[in-house]
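Sharing a structure with you now.
Just so it is clear, A, B, C and D label the chains in written order, and each chain counts residues from 1 on its own.
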């Protein structure tokens, strides 16, 4: 059986998201990590020498001794996950796609390009239609790039999707309280964040306000029509390790009851659930009724970190309803998102 | 000189706000702490024995050896500061007022009563007119109760005041990130908040939504007319020691430019500044232009903890402008607020 | 199969250690939680209503709906785990033993009694011989009490055992850095520990200095001969959630080489490993060679929290060798310790 | 008066220790900062542009607008404080001394050189005699280098000094719990230390074990005779912002009573107190009797951060006595140490 798994590579394998990918792929039924690539500084070392491993689970045995390669085509696999920094991804990912690789990218570099799917399998699986256009336009024979959104955007959008479908969405106000791991490693230095909050994350508000509208928009054959939503975001860094929290206020086209909202969220299931993709959560959205939930440390592991947890659903004095969203930022918000995208690609026949 | 200072008592002197009062009054030019009162558990002990002192400065020498009294009339002073829990304050404060004491209260018990001033000296000093009505209505000869708002309300309202005066205010969306000291001692246990955020503070959203409207309203001879604002609040507890942060979005009657907002905030001064009250900040509102300020640990001590610090002023895609407010929750947000109220009372001749 | 599991009860089931027991017993091959008992305040509620659940895994389905009973004989099981506070345990545990229950206790109440085994299955399984004496002396027909040590003692002693056996031990200096969960819930309040360290844990130094010597001593038919070691402990509380760290310096009877120490630790295995007890770690002691390990967050989950992790083994300028020990305080240090004791009792025929 | 102050420069002025120096010198009666120097990256910028200011007090007005220079002779002053990294200090400090500057260095580069005083004014003021030898040996006409010890060494040695003088010292076991600011900026990243402890600080144990012995040793005309002590150190990084804690165990030549120890510590005063140096603490050592003190957040500011606070003095089962020491690591442990050294130099006529 093992010999039949699909070999995959990880670009940026030593970073926080790369580590999560290594861990999530350890027991994966379809994929097997055969290549790890990182910056020149790490290339040539064994993975265990190159990585500053931050997860409580040990480095998987198979990956521990892999020799880290450079981030350039030549890896022995046809599918690569990219956990590269945006500026590196901007150059490297197209090289891989041109060389025939399927690239599932967590990087922001190509998310907003008019021929690149920005994908959440539960939200906009039909956006994969853009792949054919992407290949044509760029002259790529077999390879292509599919991206997943920013870590805070994923959880927001996952929750907005069933609400938009049922009640129509007009306005979204969101204030985030984001975890440290979202800044990568080394990221935020302790002297800046112990006993503190930083009310600024570079480019994050723009990503939330833009990516969400592409995700909830439509593929129109030659490009994406963004959803006609108004979104306003304020982003903060708080001293939690994992788990982004979002305080949201929403205005609908048709004001639902509180029960209708809960029902729409709790019953939500979509293509990944129907296809039983291995990494798909049974419940993409989990609703909590306690007055003080969700909380990052207590709820980030729900559904192995692949769900968005929603609580405190209540009326808003200005827009229609307020609620609190919580989700794991490096699992569903990054590594798990890229992996679920790859699973959808395989299940729908996009992999060679 | 020292003998001429006005003797004051502190009710609830061993709690966090009581401790701040003790510290703020140490070198006060007008007042001198001669009485400390607390729960029966502490009564009879010397203050240094009864208190679990949490401030980095030492217990002031004069107060250290005062014997803690019970919270009942009989204290040798005519002005008392109340840092009592709400349920105790509900009973004890009227007893003191009836017995002739002036009560400057930080407790929530009487804040919303129709004959009790809820006071921020920079915002609504004219609300002190209600005192005469309060005495008449309750049959109190000399004593009365004046309250200060909740810790997060004070900083929000201080910032809203000049904006409302200049541009008119219609809507206020606010999401708070509040410090641990706001919950008192022992308050939040470490197992609940290390590596975590709690998206709920009991009654806090209601206080923000209601108190703000009383503060910005008008005294109308027999009661207060609340300001016709719509306010929607979401409150979170984060693992910072001191300093409440508030992410705010505002809709105005007349949309100002960004420069007009900055000018209105930075130039704001009011009665406490004109009267040069000892605890009044030179600048009640400090505007920062850096992209990542204000921050709790770096900005909570500005103007000795008596200012509100505002930053990140920028347009909002839904309402008109967004900004971030930061203020010390136990100084300007509690102990300093009660003290500034007492200073205004003295300066305007309300003390015996 | 399920019907054949041995029913067990948990006394003090709603506390931190009680919760860990519930979680560890969820999939246990031999035991099944059928009774949960707690203070009168909780009795009568369903477990999910009574508990302030702090673990990231959800409450096990079977236990969630159990009705919490009072801590008094009458529970339908013959084996109870006690995670009671010491003062309650002092009274309740003998009542259970007298009524015929086998009590595996994590409480300190009876640890030092001359007829009660203080047990770490890898260290002193022969101390179970005291049970017969205990029953005789107290007139208990079937029941008895077995205790496990304090959380920091367990990890220290587990590491000392193979070293004492091979090289003889004369002196042990230990300074601990202990996690918040060791204080139970609510335990340490956040205002006391954020940005701080507390160099004092009530009775902890005494426990370390005394319990270790009983564990490493001998059962002599009528009582325990404590090991003739000199131990000096300094205990600190630090702001980590789980995982006690101990900086140790040791003097031996025969000074080993560094390699001999590593070999003695890394090769250590004992009765639980030979009996393949379900909760026994494959490696009770894990040695790390990196210069900066062990660390609480990275190493506390090794061997599912049942191992002691040792690093930084190096010469000491005063005694012979220094090293750093790290172990999970509520798993191997409490709940897992009580459970492993019960497994040993079952395997050796002590359970009815 | 102000015109008569002595102009001083700060090398490495933008780092954490440099910032503390800027703050401590703001109101200094003798010195005035006229020059700030830092790495090439900062040179040419105004100080407020170059620095990532981390202190709660604002940047002093006079320094705010100073243009940052390169760290090379040419600064308009004759006294420079060096807060440079060790490798830079190794080259730059001798250049300054050769060019005639008096260098008060916090860097480790020259601390152990046989002709450089490693100075704590309360401990070994007579070591300044080495300056004449240093100049002769190196051919420096007017300049010279004086260093202060490592941050954890200073507090340990300050406490050991009166004990050694009175009772003789044979052995010192010390386990440290060190604050984040000791690692400089950016220093320890938050992902490495939140909910964690790191049992390793590069070179720190060696510094503690060696510098202490030089400080407590004697100048013998051509070199220093180190004190014949045995010291064994274990160093840990914990998530506190400021304040190093040290758990110490001591063996004496003549075993004192507990009261004699307290008396020796509490009554300690030395040259800086006799000379009334401006930065000298009135009490260099403060003894606390509470069972749970000292604590970093509560005690680091004692005597404006210039004292060592000692508590938990009690017998040790292996050596003679145990105790806990706490001191501010960037004030008395670094910036204040260099400043006090300079004050002693001025008071004793060593400055031009």
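In this text, a residue touches a chain if its C-beta (ideal position, glycine included) is under 8 Å from a C-beta of that chain, and two chains touch if they have at least 3 such contacts.
The model shown is predicted, which means the values in this text are computed figures rather than measured ones.
Against reference pair A-B, the listed pairs B-C, A-D or C-D yield one interface repeat, C-D (criterion: more than half of contact pairs the same by residue number).
Relative to chain D, the most remote chain by averaged C-alpha coordinates is A. Distance from the chain B centre to the chain C centre is 48 Å, each centre being the mean of its Cα atoms.
The mean-CA centres of chain B and chain D are about 40 angstrom from one another, to the nearest whole unit.
Separating the centre of chain C from that of chain D, both taken as means of CA atoms, is a distance of 43 Å.
The set of chain C residues touching two or more other chains comprises 54, 194-195, 239-241, 297-298. Across the complex, chain B meets chain A through its residues 171-173, 175, 177, 195-200, 209, 230-232, 234, 236, 238-241, 245, 247, 249, 291-298, 311-312, 316-319, 322, 324. Interface of chain C with chain B (complex): residues 16, 54, 180-181, 185-195, 239-241. Remark: chain A residues 53-54, 56-58, 194-195, 297-298, 300-302 touch chain C in the complex.
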